[in-house]
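See the structures that follow.
Okay, so chain A shows up in both of these, paired with chain B first and chain C after.
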Partner chain A sequence: MHIPDGFLNTATVVATGVVSVGGVANAVRIANKKLGEKHIPMMGILAAFIFAAQMLNFPVAGGTSGHVIGAALVAILLGPWAAVIIMSVVLFAQCLIFQDGGLLALGANIFNMGIVAGFGAYYIYRIMGSLLGDSSRSKLVAGFIAAWASVLLASIACAIELAISGTSPLLVVLPAMAGVHALIGIGEGLVTVAVVSVVLSTRADLLKLNRI
Partner chain B sequence: MKHSFLDRYSDRDSVIHRLDPRGKLVVTLAFIVAVVLTPFSSWLAYGLYFAVIAVLIALSRLPVSHFLKRSLVIIPFVLLMAVFIPFFKEGEVAGSYNLWLWQVSVTHSGLQVLWNIMAKAWLSILSLILLTSTASFTGILKGLEQLRMPKVIVMIMSFMYRYIFLLTDEVLRMKQARDSRNFGGGRKLWQIGTVGNMIGTLFIRSYERGERVYASMVARGFDGHSRTLERLCFSRRDALFIAVLGTALISIGLFNLIS
Partner chain C sequence: MSNKKWWLVALVFCLVLATISPLASSSPDGLEKVAEDKGFIGFAGESPFEIVADYAFPGIENEAVATILAGWLGTLLLFTITYGLARLIKSRREGVATR
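Right, the complex of A and B next:
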């Protein structure tokens, strides 16, 4: 889902860039105010964890492969603004180190996989949590659905950006992207559930951290 | 593990390696902007951009195979995103094929768009490979900090960079432990559980490492700043580099406008 350079038109690059810069700036402001320097090493290590997890590709039907995004996990543990910061850092590093995703398209990629996926996952998790109750089983179900939906939402945002840029028509790119990512989302959901269940059984206090 | 797989060759020495990372960052960004803004069908401009990159690669004295290998890793993903384009652009039909139930046709304008996008993507990818192979990651971070990137982001990135290696080692150890306990046999469901537990355990371990590292940093006087002895200095050579590349990019752009 990492959009390379050359796929988006100028208007989309500028619009998503402005939204993402604003989002990251706000996230940094909130993090500075509420977290302080205590969380910086922790967030760095979480970013490294997401970065490492993204390097593991798993096969999806039809010869394609996918990897986890990780925004849902961070959003569930630390909140949506933390997800925006960590995903921006990971995406920027991937762009520089692996050339995965373009430098000018970074705004769009941060918007899709940081802002849309992070906030989508966080609010779906909250809503599902209030619907399902407070048991650990319901936390896992809510985590799975939130993670799956975050991938789907991000891929829909990506498809819309490609369509607006005139790269491919919406009627083609939307079902293609959403279809593939509905499958990839299952992987994301399983990984998220695995981590949340280990966290629940060994360090349940981590699910009660200060979220931003 | 090999610790140079991220910014490989960045510790070598050449004219390009010695330049200030800030200058290289700015020039890379300018190059990508210029490439992305290049209109369709200006073959010559793409050729000229390619020549610019080729000259820089030659000056950096890095093996060309490194650039090809790195490109080959990422180009398939780019192609996967672009592969539908020639089939759905309207225009003069270049060829049509019967695929079982579908009548598929490729248009000239579609092929042109595909070619264009691939050229843009590849040129941008090459310039980014050049940047990360000639500047160390810590150098780039230092440059970004001085180019007014928020401090929190730069700090998180530098922590991430340090811990990627530790985490990768951790993953390799866990895999070895799993394999030596006869992973592969047994029921499928059990295997999924094992992988899930591995990822969960990795997360807890990295998190607890983060807590320990923070405690020990505070004990040593960490106050939210990281101080290094390395100083970046912007010399005449860097100014010259930016001037030459800037002139080249602007003249290619002007040339495009005229023709």
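Right, the complex of A and C next:
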């Protein structure tokens, strides 16, 4: 879902850029207060995992592929502001080194795949968790739903930006983006649940870290 | 398994994921496919510079090898940068607190 340069108009580039700069600054401020010793290797591993996992495009219907975003996994394990930091570092490296995602569109990509996906997943996970209870199984169900929804929400944000930019009418681009990402989100849900369950069974202490 | 070993196993697992990246689907992703179908893919601009463009390490003829090298580079780079950044963010607070 990395937006290349040329898809967004100046107003959208500036608006998403300002929000993302503010979001990253706030994320660093909050992390500065809450980051503990155990968070540090976890953040490094999650960034490495997300980069590698994003290279693994899996086929979905109709000659289309998708890859995980990863923000939901970070939001569940470490909290939404940690997701903003990690997704920003990954997207920054992908844009600068791997020419994936536009330089000017970086703010929009951080907004969609960091802020929207991270906070969307975090709050949906918490709401689902309070509805389903605290068992391992309900954590995994909540994680699947939160991860799936995070992809859908990010794709809706992306579609709205494309429509505001005049690139494609909202009634055309919104159903198309939401439709294909509702499928890609299933992959996000499965990967998120798989990683959370491995962490639960091997290092359950890491699920009890302070959320950032 | 000791904690240190757990982190090492996790990092090796990430490198294994990067190693199987040549098997990934080469179909357009969700946004690219929508852009093709809805006729705005042509708006996409080229990057003003290329470093490891399209996840292929430059100067390597074999496509799979170029992709694997790009994957290893990115995985190790992201681990190092994020680990270092997290340590930096944490250490600045401690520096203030001890004063």
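Here is the rule we go by: the second predicted complex is superposed on the first by the 205 of 212 C-alpha atoms of A that agree within 3 Å, B and C clash if a C-alpha of one lies under 4 Å from a C-alpha of the other, contacts with A are read in each partner's own complex, and residues count from 1 in each chain.
Quick note on the criterion: a residue touches a chain if its C-beta (ideal position, glycine included) is under 8 Å from a C-beta of that chain, and two chains touch if they have at least 3 such contacts.
Fair warning: this is a prediction, and the values are worked out from it, not measured in the lab.
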item: Overlay on chain A: chain C relative to chain B, clash or fit; value: clash
item: Touched partner set for A:A108, first chain B, second chain C, both or neither; value: neither
item: Partner chain(s) touched by A:V191 [first = chain B, second = chain C, both, neither]; value: first
item: First, second, both or neither for A:V173, with chain B first and chain C second; value: both
item: First, second, both or neither for A:T10, with chain B first and chain C second; value: first
item: First, second, both or neither for A:A147, with chain B first and chain C second; value: neither
item: Contacts of A:H67 with chain B and chain C, given as first, second, both or neither; value: second
item: Chain B versus chain C as contact partner of A:V89, first or second or both or neither; value: both
item: Which of chain B and chain C A:A25 touches, first, second, both or neither; value: first
item: Footprint overlap on chain A, where chain B in one structure and chain C in the other make contact; value: 2-7, 28, 31-32, 36-37, 40-41, 43-49, 51-53, 64, 85-86, 89-90, 93, 96-100, 102-103, 162, 167-168, 172-173, 176, 202-203
item: Chain C-facing residues of chain A, complex; value: 1-7, 28, 31-33, 35-37, 39-41, 43-53, 55-60, 62-67, 85-86, 89-90, 93-94, 96-100, 102-103, 155, 158, 162, 167-168, 172-173, 176-177, 180-181, 184, 202-203
item: Chain B partner contacts - residues on chain A that touch it in the complex; value: 2-7, 10, 13, 24-25, 28, 31-32, 36-38, 40-49, 51-53, 64, 73, 85-86, 88-90, 92-93, 95-100, 102-104, 162, 167-169, 172-173, 176, 190-191, 193-195, 197-199, 202-203, 206
item: Contact footprint of chain A on chain B as seen in their complex; value: 6-7, 28-29, 32-33, 35-37, 70-71, 73-74, 77-78, 80-82, 84-85, 88, 113, 116-121, 124-125, 128-129, 131-132, 137, 140, 150, 152-153, 155-164, 166-168, 171, 192, 195-197, 199-204, 206-211, 213-214, 217, 222-224
item: Interface residues, chain C side, partner chain A - complex; value: 1, 3, 6-7, 10-11, 13-15, 17-18, 20-21, 23-31, 33-35, 37-40, 43-45, 47-55, 67, 70-71, 74-83, 85-87, 89-90, 92-93
